[in-house]
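Next up, some structures in structure tokens.
Both of the next two complexes hold chain A, though its partner changes from chain B to chain C.
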Partner chain A sequence: MDKMKETVLEYIVDEYLDEDDEDEVSYDSPLISSGIVDSFSMVSLKRFIENKYSIKLPDEEATPEAFDTVNSICRLVNKHLG
Partner chain B sequence: MAFSNSTRSLLADEIEQIKEDGLFKEKRFICSAQDAEIEVEYPEGASHEKVLNFCANNYLGLSSHPDVIKAAHEGLDTRGYGMSSVRFICGTQDIHRELQDKVSVFLGMEDTLLFPSCMDANSGVFEAILGQEDVIIADRLIHASLVDGIRLCSAEYDTFKHMNMKHLEKKLELHQDRRIRLVVTDGVFSMDGDLAPLDEMVELCNRYNAMLLVDDSHASGFIGKTGRGTHEHFNVIDGIDLITTTFGKGLGGASGGCVSGRSELIELCRQKARPYLFSNSLAPPIVNGSIKVIDLISSSTERRDKLEWNTKYFREKMEEAGLDMRPGETPIVPVMLYNAKLANDIARDMYAEGIYVIGFCFPVVPAGKARIRVQLSAAHEKEHLDKCVKAFRKIGDKYGILGLGKNEIIEKYGR
Partner chain C sequence: MSNIGSYEERMQNFDWEIAKDVLDWKEGELLNIGAICSDRICSRGDGKKTALIWEGFGDKSARYTFDDLRVYSNGFAEFLTDHGIEPGDRVCLFMDKIPSLYFSFLGVLKLGAIAQPLFSAFGDESLEVRLASAGTRAIITTRKHVRKVRKIKDRLPDLEKIIVVEGNPDKLKEGEIFFDVENSPRVEKFDVYQSSAETPSVLHYTSGTTGQPKGALHVHNSVWGQALTASWVLDLQDDDIYWCTADPGWVTGTSYGIIGPWALGATQCVLDSGFTSSRWYKFIQDNRITVWYSAPTAIRALMKDGNDLVGEFDLSSLRHLASVGEPLNAEAVIWSGEVFDGLKFHDTFWQTETGSMMITNYPGMEIRPGSMGMPFPGINAAVLDLTTHEPLNEAGKVGLIAFRPGWPSMFRQYWKKPDIYRSKFVGASENAMPDELRTNSDIWYVSGDRASIDKDGYYWFVGRDDDVINTGGHLVGPFEIESALVEHEAIAEAAAVGKPDKVNMEVVKAFVTLKPGFEPSDDLELDIMNFIRKRLSPLAMPQEIEYRDKLPKTRSGKIVRRYLRAIEWGEEVGDISSLSDE
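Up next, the complex of A and B:
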């Protein structure tokens, strides 16, 4: 789980933050509700997770709420990994 | 009764929540023609106040230009009030063709198709030209209407960091397996007033075999030395495959929009774009008025030159006054306040000084980046600009923000 959190967080920092960005993201930082990731650009995060963990996240589960923190994302991934 | 009390109560709660979140849009009534000086009823029921308008998209000051009004009247007299038809049944007049041809020449594109609005153009263009084998790669800060259009299309989509060319290149590499790649950007971004680096984007699109679509709604008519738009500014007119733009901003301000570009793409829009197929034709007075607008700005750069002067002068004076602005060269001047309440309070106080501006907060702009967006116009005279700067000095002083930068304003008022 910790490795997964690390991987997801690393992707988020690389994909969504600029080099001069002052936002610091932790496993519990709100991503969607804080505006770091918007619902439009969330698509690349979803695709990354699906490819990385070879799972398919149904749209009804890949909600802004489920994607709001690294922790909640990893819970969702683990559910689908069984 | 279908609209039950419980339904009413449910919706009322939602409206109340919007108010509590500070996102409620109040009614403001303009009781005059659109211009630099307008008469406003605000709040609703209050007596009319004469104020200077610094929040219209009336960049070229053509919304109430006598020649445009005369042309609209002529359109009404000779071609009627409305078409009562979509374009492809019996809604295309000779003047629709004339406007399309003139827009193509003005923008330097092969062909053009009119839509009821640019919102409609953006809603329809992607679905008409792309399929599920294709990918759209969009700047993260593109206009909401482009986002809606992209979501309506079956093509895969991806985004890149705002104006970050390294990130765009990474995405172009990632999606090389797709049949068609379409990169999408605003020419001028409406909230920050920054210009997409179209020269670099054209170069990347050429290298990675991608098409480029630019929404130039906040640029057509005044960006570039003859006002053709952002592609003229960067000297890449031939490198753009599609431009969407509006007649509702600099180009007269009434309504209507278009997609302009490579002829095969425009033909596909004509055959398949749903807002084109299922929405009424642009009304003849607006078509005729828009033709006059294109004639006016094709024959003289006087208005865009004045707007450029106004922009430089205003930015200089505001900088001298110590307001924190996002740097730039477009007539969109974001005065950064970061805190939503501060932005709204200052906008309200500016209104009391006779200056009509609006505070913009999340979700229209990113959280913690609230601002007042000042929009300049060729209709503004120097004394209008001076009055606006004077009011910003007075109100800025009241709130103690003059000379303060981002961190100091945030320290004082929070995000």
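Up next, the complex of A and C:
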């Protein structure tokens, strides 16, 4: 789980934040509600997770709430990893 | 009693002069939107009334009176003037929905300059194209977004001033100016530019099928259309608390998120935070919002999160709902009636070019779920035959939505593109100039959308008449996406079309062929998606990429988007005899 959190967080920092961004992002930082990741960009984040973990996340479960923190994303991924 | 009263009576006795009565306007008063939305409200004795209730992410919140609007917009106007900005200069506003966006918009208009608001999620390439086209002289932005400006500023010789209004001033680079209007001396008096009806006010960029985005130029006279529709369609009254969810980077966010409501002296709410259903419902509950103007994409996202969530909030303050951006499907209208205590969203149809609402559902009118409604009084609308361009009289027959020129909020030109402006009209002479076109009530302005009219006069949207992609209520040009796609190292050729989507109506799908040495893969798809997201915007990012060995082309080599689009929508592909066999 910790490795997964690290991987997801690293991807978010690399893809959605700029190098000199002062925002500190942690596993519990809001991503969608803070505007770091908007609802359209959520699609590419979802695609990254699906590719990385070879799973398919149903649209009805990939909600803004489920994607709002690294922790909530990893809970969803783990559910589908079985 | 609604402001409009009887639609039928308004249709019979309409004159745009009524808008002046609604604002209690006297001949000879200054016609400047910046002043009308702030100074004028104070002059009539409402300076202490709340103008803006703002909430940001986290616990950030603020309230501003109309007197604050007056003083802070003066502050921006004076600051820009002191830095050499002159009437007619284009000043880009590139920031999230923070209070300074609203203050600076009014300030730019007060000094006679042209406000050029741009969606803050645009990537550096989208930003560059629009700033270069407009010859923008100054940009007002924030620490978060100034990085995109830094990447492109050396290629923009007209861009002389980069003003940062939020963040740490110590982090600015050489040539950037910091300005915090709320912590600067209050500017009680500013000599507002003596604009007239035809003085340019706002420049909004909009996408088309071909070429780069075009700047639709509006003038101060637009306020009459925006204020009267805000009164009659949104039904804004003195004690309303109004929420327009649109970003002022798009025309709804300026026409109905700034100009119309504040010209009337209404209290507005702004939520500058990412979308979640519970956050939106809480915002309505906490601020006792009464009138809510939103978009089908958001409404469908709320629907998706279910009825139980609605019940967790006290939304009893709501009294009137309206929607804009794309056709509002019947299911969403019916759903809103079920969960919002009988209140149904009133669909409204208009465009960047029209500047104000054109075909809408009115308070008190029978709503036919899925219908766009009927033309606003004073708007001469028709559906034209697809071939002859003659008005159709047969109920249910599909044609092009068109309007007779002459309404106050009509765009006055595409910035420095008179030929493209002329191409939007049918019946015009070959060399007609913009001023002739906008005043000629014998010709038609053609919207680019198709619809039919039923036997009772209700309009029913059918679809676009071109390849422009309407995603989440925003128009995205396929050409702009394709141009960016072929800049990716792996892509040889590309076509972008809209594909159906339950929430956003359409999303972008790209068809690509790869250069030698590149192989299709999921990782490459993600890389291409992110490439477009950063260069253009999240809206333009393809949500699906299909790899092909070749793309369908005409014999002259032009990629045939309509063929690909028809396949995505499960429609007849039509005549394909002109396609190349290659």
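Criterion: the second predicted complex is superposed on the first by the 82 of 82 C-alpha atoms of A that agree within 3 Å, B and C clash if a C-alpha of one lies under 4 Å from a C-alpha of the other, contacts with A are read in each partner's own complex, and residues count from 1 in each chain.
The rule we apply is simple: a residue touches a chain if its C-beta (ideal position, glycine included) is under 8 Å from a C-beta of that chain, and two chains touch if they have at least 3 such contacts.
Keep in mind it's a predicted model, so treat the numbers as computed, not measured.
Overlaying the two complexes via chain A brings chain B and chain C into a clash.
With both structures placed on the common chain, the touch criterion links A:68 to chain C but leaves chain B unconnected. Partner contacting the larger number of chain A residues, of chain B and chain C: C.
Of the two partner chains, chain C is the only one touched by A:60; chain B is not. In the superposition on chain A, contact is made by A:35 with both chain B and chain C.
Legend: residue contacts after superposition of the two complexes on their common chain; A:48 is shown touching chain C, with no touch to chain B. When the shared chain is aligned, chain B and chain C each come close enough to touch A:18. For chain C, the stretch among 95-103, 293-301 or 365-373 that collides with chain B in the superposed model is 95-103.
Shared contact residues of chain A, touching chain B in one structure and chain C in the other: 18, 34-35, 38, 40-41, 43-44, 47. Against chain A, the residues of chain B that register as touching in their complex are 138, 140, 147, 150, 157-159, 161, 164, 362-363, 366-368. Interface residues of chain C facing chain A in the complex, by the touch rule stated above, are 57-58, 96, 121, 143-144, 147, 168, 171, 272-279, 301, 304-305, 471-472, 507, 522-523, 525-526, 529-530, 533, 538-539, 541, 543. If you check the complex, the residues on chain A that touch chain B are 16, 18, 34-35, 38, 40-41, 43-44, 47. Chain contact summary for the complex, chain A toward chain C: residues 15, 18, 20-22, 30-41, 43-44, 47-48, 51, 60, 63-65, 68.
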